[in-house]
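Note that the chains take the letters A, B and C in the order they are written out, and that residue 1 is the start of every chain.
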């Protein structure tokens, strides 16, 4: 079943002026329920504009956005319900923290949903636990936490709304290796625990291949490809051709192929590279 | 939206108006304002207005921008217009009588006169910012006010504050948009409800904005320190403000027109027009 | 020989206060750091967030002063207040967020800022601003407003604003952390050009190992102490030690490490793609011949 479907969606900035710029160009795509999809594309490829269509923050200039089969811009749909159904966490999400305590900040979304106090309490504590935020931190000011902790509080604030679909824009940007690993592992565990559909936007190819099962590549406002990670990476030369990076390990394998030894075109993790090399030696 | 306001915007160009010394431009603009307030009748007002339109033509600034600059001020113009229209009582019979509202001929003319004056005023002020970069304006203000340094008025500090404010306005507007989108994604209601509800809903936007502004200020101070900033003492500038013959000619032209306006004021009542 | 920056038993700590403003203890951020940075080098300081690497960097141009020990910049003690502007001109500093370093509304005015503060003649300012903008390849953008530029371009402007002072050393505190991959590449290329073509000493504070791998020397900081200090090849051969302090190694190095664990005789000093591919080629073609 498709939880999100885009039909011929285009979006133009400053439409009708000399500054008109098409950010999303006639995009049609389908996201399956329970999919963990990595979205890549360089700055200006339209990926940030695209993801804001999924929860109705941006209304397409033309085309239809369907969430769970319903056009979100039709009259019978309340756009606020869509925002609760499709959670969106922006880049550097710690900048949205504003409450006196971590608890209150995580509770902000659920409170806007109009839930009762007990339900809010349950959700706040659950979301905090899922994101690895210790209980004693809940009464602290969010501004006293470390960078990585703040980021996880912001994520918990969206997770507490229990969205069906969770979109994360660069959730690990600017964190050090330990912080990155922690945030991304927690997201993966969350996905496995609740089966939530996850769309993960990242510049880091290493992160995308490590965590997502499918990959959507955006280029110049269009979907370049959207497929299983293996199939996408079998087109590694094309991906390099549109100016995107591939993991260092893939570059090593490409170089090796140029020297005359082909280990296969589906290698993008160290484990798989090691396996192939050992097989070759056997 | 914020982006549509053209007042205070700068449109780079290379016209004679653009090239005038910014200090002179400020003085000339003040002269123009004086001209408008000295003008006591429609004739002298028309002279000042036509004069400004000629300068607009010299500056290559599109006339469409004139209307754009007036748009945000429209409520004020309308208010002045109606206020004069309804509250000025004339000597003769009212032209229009509508219940308790009486509109007199004097009200009509004064209202029209005041409206035209405000419109001309805005047009003149906007031309200054359209043709002068913010930094040149700041420099000019710093230079014009520098005599005040003798009485320990912080001229340089104020100019530096203006520069930094101008530099960070676009950054903070962008940031506000981002924070608003993030809170909307958490179900915030930012556009509906009464005034108090709206103000309350802004808290989740304003607090992050302040936190970020303070952080930026801190980092900027550090960066300025690393670049040897130590106040205005002994500072030089990459661009020196330079006045030339053209600036003095412009000054003379303005003075002549101002004199013309004053003369019109004196002679038109005498001629009984 | 004396380097451009020397630290001797540098200790930095700050006091912790409770709600009433009474001192309750001290937090030691840097512990006995002794370093010698040679002129002309490209040194990376690697460490995770909170390791003390940024605090150390701020000692290199007198923004922070040591609690104990000494910091000498070109022989000048950083506590010598009368020479603080000499220190700042010798060692320039670039920070993480490019937006928060740009003061003026026009690119060239911003690059001129330091020179204006120093009271340099307008003609000379013009010359040095143009030169600095050409070095970072941003001369065409000299009349742009900063907010019209990309992150990488803004960071290059910030760098130009520093090199206009003609410092002998530039300290960069995580200059690429907020940039996209393209911006990151631009900055790394700029850093290399500054170091190799213009002979400026570069100290790069980072937590990206692929950036540190490009330096001549890597200093690993953990809990305020120097953990390792060597050439990149030697540093990254310590895979387990680096991972234990929350750092990564390049994938090439990690592959070699994994192969070694599986009994393959793989070298420990491989850090880049070409070396790695060449080694694998030799390894696998030997096998074919047998």
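Following the convention adopted for this analysis, contacts are C-beta pairs under 8 Å (C-beta built on N, C-alpha and C of every residue); 3 or more make two chains touch, one makes a residue touch a chain.
Note that the structure is a prediction, hence the values are computed from the model and not measured.
S.K.: Which one of the chains is farthest from chain A, going by Cα centres?
M.R.: B
S.K.: If you tally the C-beta contacts, which comes out ahead, A-B or B-C?
M.R.: B-C
S.K.: In whole angstrom, what separates the CA-based centres of chain A and chain C?
M.R.: About 30 Å, centre to centre.
S.K.: So how far apart, in whole Å, are chain B and chain C when each is placed at the average of its C-alpha atoms?
M.R.: The answer is 45 Å.
S.K.: What residues of chain C sit close enough to touch chain B in their complex?
M.R.: 61, 63, 85, 88-89, 92-93, 95, 97, 99-106, 108-109, 112-122, 125-126, 129, 143, 145-147, 158, 161-162, 165
S.K.: Residues of chain B touching chain C in their complex?
M.R.: Touch residues, chain B against chain C: 12, 133-135, 163-164, 166-167, 170-171, 174, 215-216, 219-220, 222-230, 234-240.
S.K.: Which residues of chain A touch chain C in the complex?
M.R.: That would be residues 42-43, 146-148, 173-179, 203, 206, 243, 245, 247-249, 251-252, 255-256, 259-261, 270-271, 273-274, 277-278, 280-281 of chain A.
S.K.: Where on chain A does chain B make contact in their complex?
M.R.: 52, 55, 57, 80, 83-84, 87-90, 93, 95-98, 108-109, 112-113, 143, 157-158, 161
S.K.: If you look only at chain B, which of its residues touch chain A in the complex?
M.R.: The contact residues of chain B facing chain A are 175, 178-179, 181-189, 203-204, 207-208, 211-212.
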